[in-house]
Structure formats: structure tokens, C-alpha cells
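You will see chain A twice below: alongside chain B first, and alongside chain C after that.
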Partner chain A sequence: MIFNALVNAALIAPPAMAFSLLFGILKFPNFAIGGYITVGAFAAYTFNVPLGLPLPLAAAAAMLVTALVVWLMHVLVFQPMEEHSAITLLVVSIALTLIIENVIRLFFSADVRGFEIPLERPWKLLGARITPEQVQIIIWSLVIGVALHCLLAYTWIGRAMRAVADNPMLAAIRGVNATRITAFTTAICGALFGLTGVFAGLDLVIEPLVGWNLTIPIFAAAILGGIGSPYGAIVGALLVGLAEEATILFLPSTYKIGVGFVIIAVLLLLRPQGLFGTAEIRK
Partner chain B sequence: MKFSMTRRSLLAGSAAALMTPAILRAQEADIAIGSLTPNTGGGGPFGPNITASHKRVADAVNAAGGVLGRQIRLYQENSETNPETAVRAADKLISVNKVSAIIGTFSSSVTLGIMPKCQSANIIQMCTSSSADIPIADEKGLVFNFQPLSPIWGRAIADLVLSRGLENYALMALNNDFTRSMMDGFIERVGTEALVQDPFYYNAGQSSYRSEVTQLIEKSPEAVFIPSYVTDFTAVYKELYRQGYEGAVITISLSTGDQFKSTVGAAADGVIHGFPVPALSSPAYKEYLTEAGLEDTGSVQHPFGTAGRDQMSVLLLAMEKAGTTDSAAVAQAIWDVTTGEGKKTVYNVADGLAAIRAGEEINYSGASGSIEFDAEGGVLGRDFQLSEIQDGKDVVIQRLEY
Partner chain C sequence: MSDALLKTRALQSGYGKTIICHDVTLDLAPGEITCIIGPNGAGKSTLLKTIAGVVRPVSGSVTVAGREIAGLPAAQVARSGMAYVPQEANVFRQLTTHENLTMGSWGDKTRTQEACDRIYEMFPDLARLRQTRAGNLSGGQRQMVAFGMALMLAPKVLLLDEPSAGLSPLMVGQMFDIVQRVNGEGVAILMVEQNAIQGLRIADHGIVMAAGRVALQDQASNLLASKEVSELYLGSRS
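Up next, the complex of A and B:
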């Protein structure tokens, strides 16, 4: 069970971090992530199956494509609407995910697809069954967590990203170009959503709803960790992964899909800032 | 602008006005029938065959002079295997095209979705759907189902796998009416003592199926039965394989088509699947193969296209028999031309029309099965077939004849 939870967490931690980063900069919960992940999955499929690239290369290309799509969506959709309230932008982001899904359905149909990579039987370790694919997902997720930490903590651009997230006006006074930093952040987050699409395609199946199905667990992980806090998102992903796996021990499996919602509801009641977020004071 | 009318234009206008009702009368004389089929989406592999069958039968009847002295006008719509799209299409068929019947719906959600509109407009429906809710929702007795209900699928698949000597099972079904009642039918036949644990359900669209699969194979059952649809079954099967399960995996053939096989690749080998199939030895099936330009390979081809042929044939025979397109009379005539002993058996619409016109009682025996309806408009039985995927292809391992 612990291993199952770890794989779940590895799948949702990178997009939960990206979701948190995006929220930090743009100040609204962007539900278009479902559509972005689906774009990643289908881009990787296109490079891997019809174009015949090996999966690692296809994954890298899909990350680039998704980064571009997320940046474009920011420039074309959200930037012109930045004067609107967070609720308006949230609704727009839901509409955007529906549009993206349906455009994909138009070109690829609703058929189920998979990458050109054979399924593998598991290794048996201490009673747990692990496949090489799942180990790769966990390792990559860890690498991304560390890389993102290094980027935010030790580089000039990371500090600028945090500064813009904290106080855009003060950052601008200090000479940080907020537009460029925002573009960079959306592209980094886009790459993470693209990679999640690849992981989801490996773990589940590639179909137009693949991203939407992951949205609630990702959102729950980000809220649990404290929305806006990328490290919190990692812990949040672990807890959501564990909670989903543990549910089936006590409740029928059909309730599993509601676990994410319950976590969100309980947290908003008891600790709205999340486990690692800081309470915001509004005047 | 000044408007002037010459005697010539008056004459032309009057002639046109007199002509118009004639055109309208000609259109009214046609019998409008709606063909609403799953040409894309989950039923995509089957819809085009159903559509083609509807059209072939209608064209053949039109070429031979039509039914009740009127031509058949077929209106084709794609349901996209999606109830919302289907309801919009049904709306158009009913209010714009004024159809007498909507035939060819495939998934239960589509058949049930359009049913309120069809019932209020007194329109006959013919479908290949399996939800046990269909006869309950059909308050006016206007729905005819050319597919057995899902508990019958479960019982038939259980009978077929029992004869393979499998002794214990673990069961998990997608949480919807079609698959839940199929699981009940399966349990009815194998008995609860053959189950290693309580059966359970999962939802479609989950972010992972890991814990469900772990629970399913926890007690190392000899076989698992998973009534499902292709999207969730593919994800569940990948997980079963990755968790090292080596027993028999049994499901329905709708989940194991080309999409499944190309997604999981060589790992698909060994999966056992079953579903209702045409009666391969029946003369009507052989006629169907000729009509569709297919070779008789001895294996099942066009499992739903055959039902499409039977739907249109039965509908037209019933209209001829009833002598009207009034839905209540046609519904009654559908039983008359399909069900009951001591009548002349016919295998195609041309022979049936000739016999009816000669005053004979007929029993239409179709390409998809013998087509006998119960009191609720459900087909009484179909042949079932169990196949196993070997080297990426379906190999028939058993058949159950009705």
C-alpha cells in the first residue's frame, strides 16, 4: 500500500508544485491544468507513435510543446483578463480546459491510446510489486522536486520568481521584469504539466479526459500543502496518495474519487492556509 | 420600387403555387425513418456497419416499390455514443424530419436519453442496448431491443467459463447499471461459494486503479471477471499486468477491441472475453454476408451490423402488416411478424413483404439471431461466444447457441 501511495504521489507532486507556483504568480487557481496535462499526453503520443521517436525524446518534445501551449494560453487568454477577479479567471480556466479537451477530441477522437512501450511484469521486493516504469516515475518526480528547489532557492531567476509572487510592485521597484518572470514561470509549469501527461499516459491510458481525472487530486495536494507553497505540494501529494490508497481499506472503492473533495473541504474549514502556507491578512 | 405584375408572371406564379402542394404531398407520402447510430466514440467500431445495414434494407425495399405503396426516406444522424449529442439529434429527427421511428441506438445511456422525447412523440425505438432500465422506462411499449439485457450476458459468460473448469473467482465491475447487473448474472451462475471475496465496484475516471487491483488479486483467485468499458478496462488491465497477476482475466468483448489490443500490445494475450454474436449457421446471416460483400470466414463479422439489418427489416415488415405507420399498430405488428410458432419463416425483407401481401402469417428470423420478442420488447435470446486473445488476435474458444 505504501508503494502504491508513493507512485500516486510521484504522479501528482510535480503538477501540484506547478499549480502552486502558477497560483503564487497569477493569484488564481488555474483549472486549465487538466487540459494542459492532456496536451502533454497527446503531444508525447504523437512524437512517440506516429513519428516514431523514442519515449524519452518524445517526453522532452511534449514538455516543450506543453510549455509553449501554457505560455500562449497565458498571453492570449489570461493576460488580457488580468483585471478580472480570481473567480472570473477560475471559471475561464474551467472553460479553457473543456475547449482544449474538445479540440483534442476533434483531432484524435475519444479512442484509448498508449505509448509504443511494452508492459512489464513487476519485480517483487519485500512483499511489494514494483515495475521499472513506476520506479522511473518516482525517481523523475524526486529529481524534479530537487531541481525546482535549487531553482527557487539558489538562482537569481528563482529569487525573482519568489519576489514577484510575494509582492509584484516591490519586485518591479527592485528592477525585476514581472512580465518576463511570469512568462518563464508559465513555461516551467507547462513543462511540468507536459511531463505529467507522459507519466499519466504510462500509468493509465491516453484519452481526452486523462488530465481532467487528475485535476482534483492535484488541487487537493496543492491546497493540503498550502496553496502557493511548492514544497507543501510535495507533502500534500504524499498525503493525498496515501489517503486515496487507505480509503479502500475502510470504505467501498466507489468513494475513493471523493477523497480529494473531502480533504479540500476539511482543510478549508480547519486550516484554510494549508499545512505549510502562511495565513494571509486582508485589510 | 414599383411592383408590377404581367399576365405572364401571374400565370407562372399561379402554376408554381399549384405545383407546391404536389411537392409537399410527395414528401408526406414518404415514410420517414431516423437512423441514429454510434458512428464515432465508444461505439465507433460498430456504428458504420449499423448505418450501412439500415441503408441497404431501405434501398432494396425502395427499389422494389416501397412499403404500403410509399417510399422510405432515411435520415441518418451520428449519436457519437454520447447521450447529449443523441438527444439533440433525436430532437431534429422528431420535429424537423417527422420520423415514425428512431432505430440503431447502441449504448444504454443514448437509448434511455432519447426515450422521453420518443415516448411523448409516440415514436418507435429499436436499439441494441443492455440496461435492465430500458423495459422499465418504456411506458408505452414502443421500444424493441435487439440485444439481450446485461444479466443475460453475465449468465452466458459464466456458463461458458464454467465449462473451462475454472473454480474460484474475484469480481470487480465498473459502477454502472449495465456492468453491475452483468456481474449479478455472473454470480447467479457460478454461485457465491465460488467467489474468494465480496465483489466490488469502481468508478470510471479515477486517477489510479492500483488499490482496486491490489484488492482484487489479494487472495490469488484462479480467474477475475471485470465487466467494464474499454477506457477503464485498459487502465485496469495494465495495472493487473504490472502487479504480476497470472490467472485468467475475463471481460466483455466490447472492452477488448483494437483500441485495447494496440494500447497494451503483446500483454493482451490470454485475455478471455465474451458477448452476444450472430447465429453463424442461420440462412439470414449468410445472406447478410453476401449483402455486405463479405467472405464467409466461419467467424463473427459485423456483430451489430447484422442487428441493423434486422431492425430495418422488422420495422418495414411490421408497417406493411399493420397497413399503417401508426406507432401503436406497428408495435403490435412487430410481435406478429417476429414471434410465435406455426408461421412461415422468412430470412429477408423481400420474402417477408411478398408473404404478407399474399396474406400469410410470417416469423422473421434475422441475421443477428432468431428475433423473438418477450412481452417487454426484449429479444429472447442470442448466441454467445467466448474468445481468447492469442498473438494479438481473437481466437474463438467456445460458443453457446440459443
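Up next, the complex of A and C:
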């Protein structure tokens, strides 16, 4: 059970961090992430199955494609609307997810697919069934977490990303070109969503709804950790993963998807700033 | 004063269709302090924001060392040798003191190391607090971070919007000392100040703004001595 919770957490931690980063810079919850993840899954599928690339290469290509798509969506859809309220943009992002999902359904049909990977017998460890793919997901998720931390903490561009998220006006006054930083952030986040699509295809199945089904747990993890705080998102992902697996012990697994909703509802009532977020005090 | 470092000529600006600053013409000579005083809503802050490129001018000109910068976005004005310290939200609260300083040299990252050393020498308190998040600093410390960040690229002109706002009376005095020290290193300063008397005492020139226009311009000492100014603008506040 603990292992499954870890896999869950590893699956939602990178996109939850990306979701948090995007929120920090763009100041609205972007629900188009479901669509973006689906793009990643289908891009990887296209490179892997019809085009016959090995999965690691297909995954890299899918990350590139998704980064490009997310950046394009930002430039074409969200940037022209940046004067609008966060609520408007949120609704737009939900619409965007539906559009992306249905465009994919149009080209690929609603069939359930999987990657072309050698079938391996799951390992048995202390009574748990562990697939090599799941181990890979956990390892890569850790690598991504460390890499993102290094980017944010030790590089110029990472520092600028945090500065723009913190105080865009002051960042401009100090000479930071916010458009460029925002473009970079959307691309990085896009790559993470793309990778999540690949992971989801490995651990679950590839279908047009794959991203949408992950959206609520990702959102729950991000706000659990305090929205806008990428590190909190990691802890949030662990807690959501654990909560989802714990539910299965008591309830039929169909209810698993509801766990995210319950977490969100409880949190918004008790601690709207998240576990690690700081309450905004404005004078 | 044709050798002025910062000049505005017939500068007009505002928000949307509302014009706040009318026809502002001023000069700031190298190494001088000019203090802008005036009642609330006189357009003092808007004037600084316009010079810094945060608010777009409607018409008129702003030059720094002879180069026209009116209408350039703030991010480009930042490379003109002039640095602006806003009144509020003038540090990155989520970043540490040190990270804040490094953001001040975004325009020329090769100078970061040398500039940080210089700022820590200038504000020894900051060296001790380098790993502290700016959001957790006291008001006075935060103001030092804001100053330090603005001074990273050794600007020739510093624009200060109410540097003493929100500070305890004790810190206000220290703040003016710091302003004078920065000025002592040859940086020309244009500052807006609510503490009109203290502001004028350290200034070479004073500008009185009212209703978005320059009402009076003179030597700071003359403004301090003027009966009219003290009755109308300095009030009983000291």
C-alpha cells in the first residue's frame, strides 16, 4: 500500500509543482493541465507506437511537444486575456482542456491504448507487486524534484522566476523581462506535464481522459502544499497519494477519484493558504 | 543647468484618461539631492513612477545623461544608470536578502560578486542577514535591502519614493543618514518625502508640488526659510 501511495505521489508531484509554478507567475489556477497531460501521453504514444521510437526517446520528444503546446496556448489564449480576472481565466482553461481532449479524440478515437514496451513480470516485494515502470516513475520523479529545486535555487533564471512570481512590478523595475521569464516557465511546466502524460500512460492507460482524471489530485496536492509553493506541492502529492490508497482499504476503488475533492473542500474550509503557504497580510 | 544628469521637460502623465502630472520640468545635477514635497495627491509618486518607466508618459521628455528614456518600459529604464526604489513592495519577500541583492544586478550579472561585497560593506547588517527571507526582516532592514538592490549596478541617479514611510521615528533618522551616505558616494538622488522638513534638511534643492504641477522650485534652505512654504506645506509637522 505504501508503495502504491509512493507511485501515486511520484505521478502527481511533478505536475503539481508545475501547476504551482504556473500559478505563481500567471496568478490563476490553470485547469488546462489535464489537456496538456493528455497531449503528452498521446505525443509519446505517437512517437512510440506508430513511429516506433524507443520509449525514452519518445518521452523526450513528447516533453518537447508538450512544452511547445503549453507555450503556444499561453501566447495564443491566455496572454491576450491577461487583463481578465482569475475566475475568467480559470473557466477559459477548463474550456481549453475540453477542446484539447476532443481534438485528440477526433484524431485518435476514444480507444484505450498502451505503449510498446516489453512486458515484464512484476517483482514481488514483501507481498506487494511492483512493476519496473513504477520504480522508474518514482526515480524520475525524484530526479525531476531535485533538478527543479536546483533550477529555482541556484540559477539566475530560477531566481528570476521566483522574483517575477513574488513581485512582477519590482522585477520589471530591476530590469527583468517578464515575458521571457514567463515563456520559459510555461515551457518548463509544459515539459513536466508532457512527462506526466508518459508516466500516466505507463501506470494507467492512454485515453483522452487520462489528463482530466489526474487534474483533481494534482490540484489537491498543489493547494495542500500551499498554492504557488513548488516544494509544498511535493509534500502535498505524498499526502494525496497516501490518502487515495488509504481510501481503497475502506471503500470501493471507484471512490478514489473523490479523495481529491474531499481534501480540497476540507482544506479550503480550514486552511485556505495550504499547509506551507503563508497567509497574505495586506495593509 | 544644461549639465543636469536627469532632466524632465514638460512631462505629462497619468492613468488612463486622467492626467495626474502636468507640465513637469525639473533638473537633477550630478551628486545632488533634490527633495519633492507637497500634499497627498499632488502627483509626487506618479512623477517618480513616470520617470522610472512604471507609468507611461502622455507627453514630454525624460533624459538621463542626455539619453531620452521617456516611454521606455521599466525593464529598459533599469539599464539607463538610474535606479528606482518604490515606496511599497520594494523587496522580493520570498527571496533571501542575498538573492534580493543579486536581482539588482540582473542587467550585468558579471558584476554581481563585486557589487554584493560593496553593498555588504555599506550595510554590514545585511551581511549578517544574507540568508534571511526579506519578508521576515524588519521595516528598516527591508528598506536597506531595497536600497542595496537598487545600488547594485552603481547607478548615477537614485529615485526614492518616501524612503521613511512606515519606519519608526528612530529608523527615520537612520534612513536619512543612509540617504546622505549614498549621496556622499556621488549618487544623485531625487526623492519624494512626507517628512518634508527632514527631507529638505539633507537636500540641496527642493521642489514643491501641488495639484500635479511644480508650484515652487528653489534651494532647499530657501524653502525651509520661506514663511509661505512652511505655512502652506510644512505645517506644524516636524
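Annotations
Here, the second predicted complex is superposed on the first by the 279 of 283 C-alpha atoms of A that agree within 3 Å, B and C clash if a C-alpha of one lies under 4 Å from a C-alpha of the other, contacts with A are read in each partner's own complex, and residues count from 1 in each chain.
In this section, a residue touches a chain if its C-beta (ideal position, glycine included) is under 8 Å from a C-beta of that chain, and two chains touch if they have at least 3 such contacts.
Keep in mind that what you see is a predicted model, and the values were worked out from it rather than measured.
Of the two partner chains, chain B is the only one touched by A:110; chain C is not. Within the superposed three-chain model, A:269 lies out of touch with both chain B and chain C [touch as defined at top].
When chain B and chain C are set side by side, the one touching more residues of chain A is B. In the superposition on chain A, A:177 contacts chain C only, with no contact to chain B. Judged by the touch definition given at the top, the superposed model places A:7 against chain B, while chain C stays out of reach. In the superposed model, A:169 lies in contact with chain C only, and not with chain B.
In the superposition on chain A, contact is made by A:122 with chain B only, not with chain C.
Once the two complexes are laid over each other on the shared chain, residue contacts for A:156 go to chain C alone; chain B is not touched. The touching residues of chain A, counted against chain B in their complex, run 1, 4, 7-8, 11-12, 109-114, 118-122, 124, 129, 131, 133-134, 203-205, 207, 209, 212-214, 216-217, 244-245, 247-248, 252-254, 256-257.
Within the complex, the chain B residues that touch chain A are 40-42, 44, 175, 200-203, 205-212, 214-215, 230-231, 234-235, 238, 241-244, 259-260, 262-267.
Looking at the complex, you find that chain C touches chain A at residues 52, 54, 73-76, 78-79, 84, 86, 89-95, 99, 102-104, 106-107, 109, 135, 149. Touching chain C in their complex are the following residues of chain A: 156, 159-160, 162-163, 165-167, 169-178, 278.
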